[in-house]
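Two complexes, one shared chain (subunit A), two partners (subunit B, subunit C).
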Partner chain A sequence: MSGGHGHVGIEAVAAGDTLVHRLDPRVKIIGLVGLTIVAVTTPVGAWAAFACYGLVLGALSVVARLPGAYVLRRLMIAIPFLLAVALLPFVVPDGVRLALTLAVKATIGVLAMVVLSSTTPFPQLLHGFERLKAPGMLVMIVAFMWRYLYVIGEEVARMRVARQARGYQPRWIWQANALGQTIAALFIRSLERGERVYLAMVSRGYRGGTATALMPPLVLRPVDVAFAAALVGIVIVARTVAV
Partner chain B sequence: MTTPALVCDELFFAYPDGQRALRGLSLVVQRGERVAVLGPNGAGKSTLALHLNGILEPQHGSVTVSGLRVAEKNLREIRRRVGVVFQDPDDMLFMPTVQQDVAFGPVNLGLPEAEVAERVVRALDMVGMRAYANRPPHHLSFGQRKRVAAAAVLSMDPEILVLDEPSSNLDPRSRREFGEILRGLDLTMLLITHDIPYAFQLCDRAVILDQGTLCADGDIRDVLADQALLRAHALELPAGFTLAALDR
Partner chain C sequence: MHIPDGMISGGTAVASGALSLSTISASLVQGARRLKERQIPMIGLVAAFFLIAQTIHIPLGPGVSAHLLGGALVAILLGPWVGCLVIATALLLDAGGLGHGGVTTLGANIALTGIIEGIGSYLLFRVLATVLPRTRRGFLATTAITTWTTALVASAVGSALITYGGSLGAQGVLPVFATVVGLQAVIGIAQATITTLAVGAVMAARPDLMATRDLLPASATAS
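Our next item is the complex of A and B:
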């Protein structure tokens, strides 16, 4: 359960100060989400194009000074998906090519999001999405999720300590019962907290507000425009040449 | 006499499960008073707090804040006038950064951005947390979060501050510092607490709430000196604590 540590990691990395960190969050969102979409729609087996996307993301990671071990750890989130993809060669014709393509696409997509989230502090990211006219309610929900991930994470840690303090050391699957009960208790607690948070919001006159009040306005600089143009240009060229 | 800051008149309230939380509670608080609301668990203290800013609606009776009755059409103004600081700051701090959280109330009041920014700075200054404006709440200590939660209400420029267990879970120094902040505020205050020494330090008047109604109301010194009264409502002075020890 290294979840808590993982979060501390991403915040520290995102607080860096490099060329990539300083880019306008809007161009990073458009550029990296755009790259992911282009990658996903690239035909099966267009290896040169995929290599090009990978190089772009790799270069961004290097310029942003993202620690290699950190990036690899973050990429592991795609493993369950890759395991499912690994079945393809056994069930469809030309499955190896298809499976490899899907694996590469998934990795590129995850890497793009790792670069985005590791070079943009979360409040900035929300700000960018809001300025890009993402639905305000959705931005608010994501903001809440981020905030309460930490609160609930601490609760999980406390409950684990409480279990261990009473001698719970599960070794076999049939001892997982207590874990299920922990999850149930956590669910109830979160539900109750949700109600209290709502009361606190209403108490302060909530009428459907914004999650990004008082953020300094975002201003596109030449370097932001250049970044967006370069990224889009490279990706489109790669995609076109590949086909 | 000027209009009282708060008038609760014959409040009755029962929860949907039938639990009768308030049974004919009446209370008048004058402007600038700091009143300790004491009482055992389940006495109706938190239910009362939720009535003061119109979260709960009395099933009988009325609440009036500076002459304005708590009712559906007045809720916006009522919630500006009455600031409730909840017990757990994590319930109150739901925004990504301290500054955005303190801005939440003023933004809901529809204030222009410059005014919001000014109020945020002022409120954070009042609790000594200005340097933390851009931090996410989970980077703060519990005591700091509590102070930000107070700022989040102070930024709405309230007339009455209602605090639910302000000293709970605070370490001794944070508890003292928070008390000093409260003492420095020129506001009408309702302190809902089990922390009797804290109440004694901060309040001049105390009421005892039990079974949904007021059982005592007077100078806090007189209320706390009445051992039989305290015992009857499951209240006790901490061991070794005497009122003389904390004489102001």
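Our next item is the complex of A and C:
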């Protein structure tokens, strides 16, 4: 996830400056989540409709200049689910159509979220959700979670190296003791760090308020409305005509 | 369990979404009343920890996978409301940012992991703890049984959601239940083991942090 792995990270891609990146986050959230909902409720075997949704997402990716390798890499996370769905044809009558439809729906869902998260820097995303009436406390929790995700991820990696350096090569479940202790240590550290973070905030003058209070206000522009209208139009056509 | 988009019907998604939404709202209200603002960074951090722990998973069948660490750990250590918030926010980011599980199935996934494995674990734990001996071993045994049971129930409900309430339909009931619940029963042993080891380690290091500390033996090291 971090840049140190030699491949592009989410925030680096999200920091781009294309038409899609500049769209209002609220419009993108509602549009892409809405697209996913429509795709999911599309009946089995409506290949033309699915192709439409895929084209829309593909077009957005192209305009946003998302790197192909990056998008593929993120789509690959869905593969375990797709493999499991591949078992369906043997289990259920008319399974092949169903399996393919489910695979397509799952992929569309993942791709929609990839587009959303890759064209909207995280603070903007939070701002969008907050303006869409998400509870302030929840937005704050998500903000902290995102901020410390990489920190905890690196701690996990360090602990793994430390275990291996001490000759830990578990094979059987009763050898999982060190794993349990690692988890406990991470948990306790997270709790204590959380306390420290709050104290640090208070000692720097924090008196309540949300993370996005200081950001420039979101304003809907004509291009945002045009995007929303176009998306709605295409999706309605796909859903009703192409079925 | 992370059900991907498309595996449950619209009615199921809406119903489970409403259930999860009301539970999260209740947790937030409880949080505002009891926890106060100072706990918000802590919840975010534990959610980050839980999110990373969730990434270790084994696919069990169509749309179902077993996670090495389930909601039981968080609920037993932090209580039902905080546990539910931690799990819900982690699943939110899972769906939106990591592609684990669908956006339309968030309600169902939160219901499975947050409500059944989370709040359910806390309740089951409390009930079992009154029956089992109040020793360190008793505490850990309660943890293990709770973890295994709630994970199994969650897998059963999840199977019901994707068959009766979803795309696999009623004809898929037998094979889905057989594979998913059957596999979960076996993998659940590993999950219960790891959760119990982790809880044991927290008990030894910082028992004062645990929400269930009132159920701990008088001396945390007494067997």
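By our rule, the second predicted complex is superposed on the first by the 198 of 243 C-alpha atoms of A that agree within 3 Å, B and C clash if a C-alpha of one lies under 4 Å from a C-alpha of the other, contacts with A are read in each partner's own complex, and residues count from 1 in each chain.
Definition applied: a residue touches a chain if its C-beta (ideal position, glycine included) is under 8 Å from a C-beta of that chain, and two chains touch if they have at least 3 such contacts.
Just so you know, these numbers come straight off a predicted model, no measurement behind them.
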First, second, both or neither for A:Val156, with subunit B first and subunit C second: second
Touching partner for A:Thr212 - first (subunit B), second (subunit C), both, neither: first
More subunit A residues in contact [subunit B versus subunit C]: C
First (subunit B), second (subunit C), both or neither touched by A:Val197: both
Which superposed partner A:Pro80 touches (first subunit B, second subunit C, both, neither): second
Partner chain(s) touched by A:Gly180 [first = subunit B, second = subunit C, both, neither]: second
Which superposed partner A:Ala143 touches (first subunit B, second subunit C, both, neither): both
First (subunit B), second (subunit C), both or neither touched by A:Ala69: neither
Those residues of subunit A which subunit B touches in one complex and subunit C touches in the other: 143-144, 146-148, 151, 193, 197, 201
Residues of subunit A defined as touching subunit C within the complex: 10, 33, 36-37, 39-41, 44, 74-75, 77-78, 80-81, 83-85, 87-88, 91-93, 98, 101-102, 104-106, 108-110, 112-114, 116-117, 135, 137-138, 140-149, 151-153, 156, 173-174, 176-177, 179-181, 183-188, 190-191, 193-195, 197-198, 201, 208
Touching residues (chain side subunit C, partner subunit A) in the complex: 2, 4-7, 10, 13, 24-25, 28, 31-32, 37-49, 51-53, 57, 59-65, 69, 73, 77, 85, 89-90, 92-93, 95-100, 102-104, 167-169, 171-172, 175-176, 189-190, 193-194, 196-202, 205-206, 209
Touching residues on subunit A, where the partner in the complex is subunit B: 11, 122-123, 126, 143-144, 146-148, 150-151, 193, 196-197, 199-207, 209-215
Complex contacts: residues of subunit B adjacent to subunit A: 50, 53, 55, 76, 79-80, 83-84, 86, 88, 90-97, 99-100, 103-105, 107-109, 113, 116-117, 120, 136-138, 152-153, 156
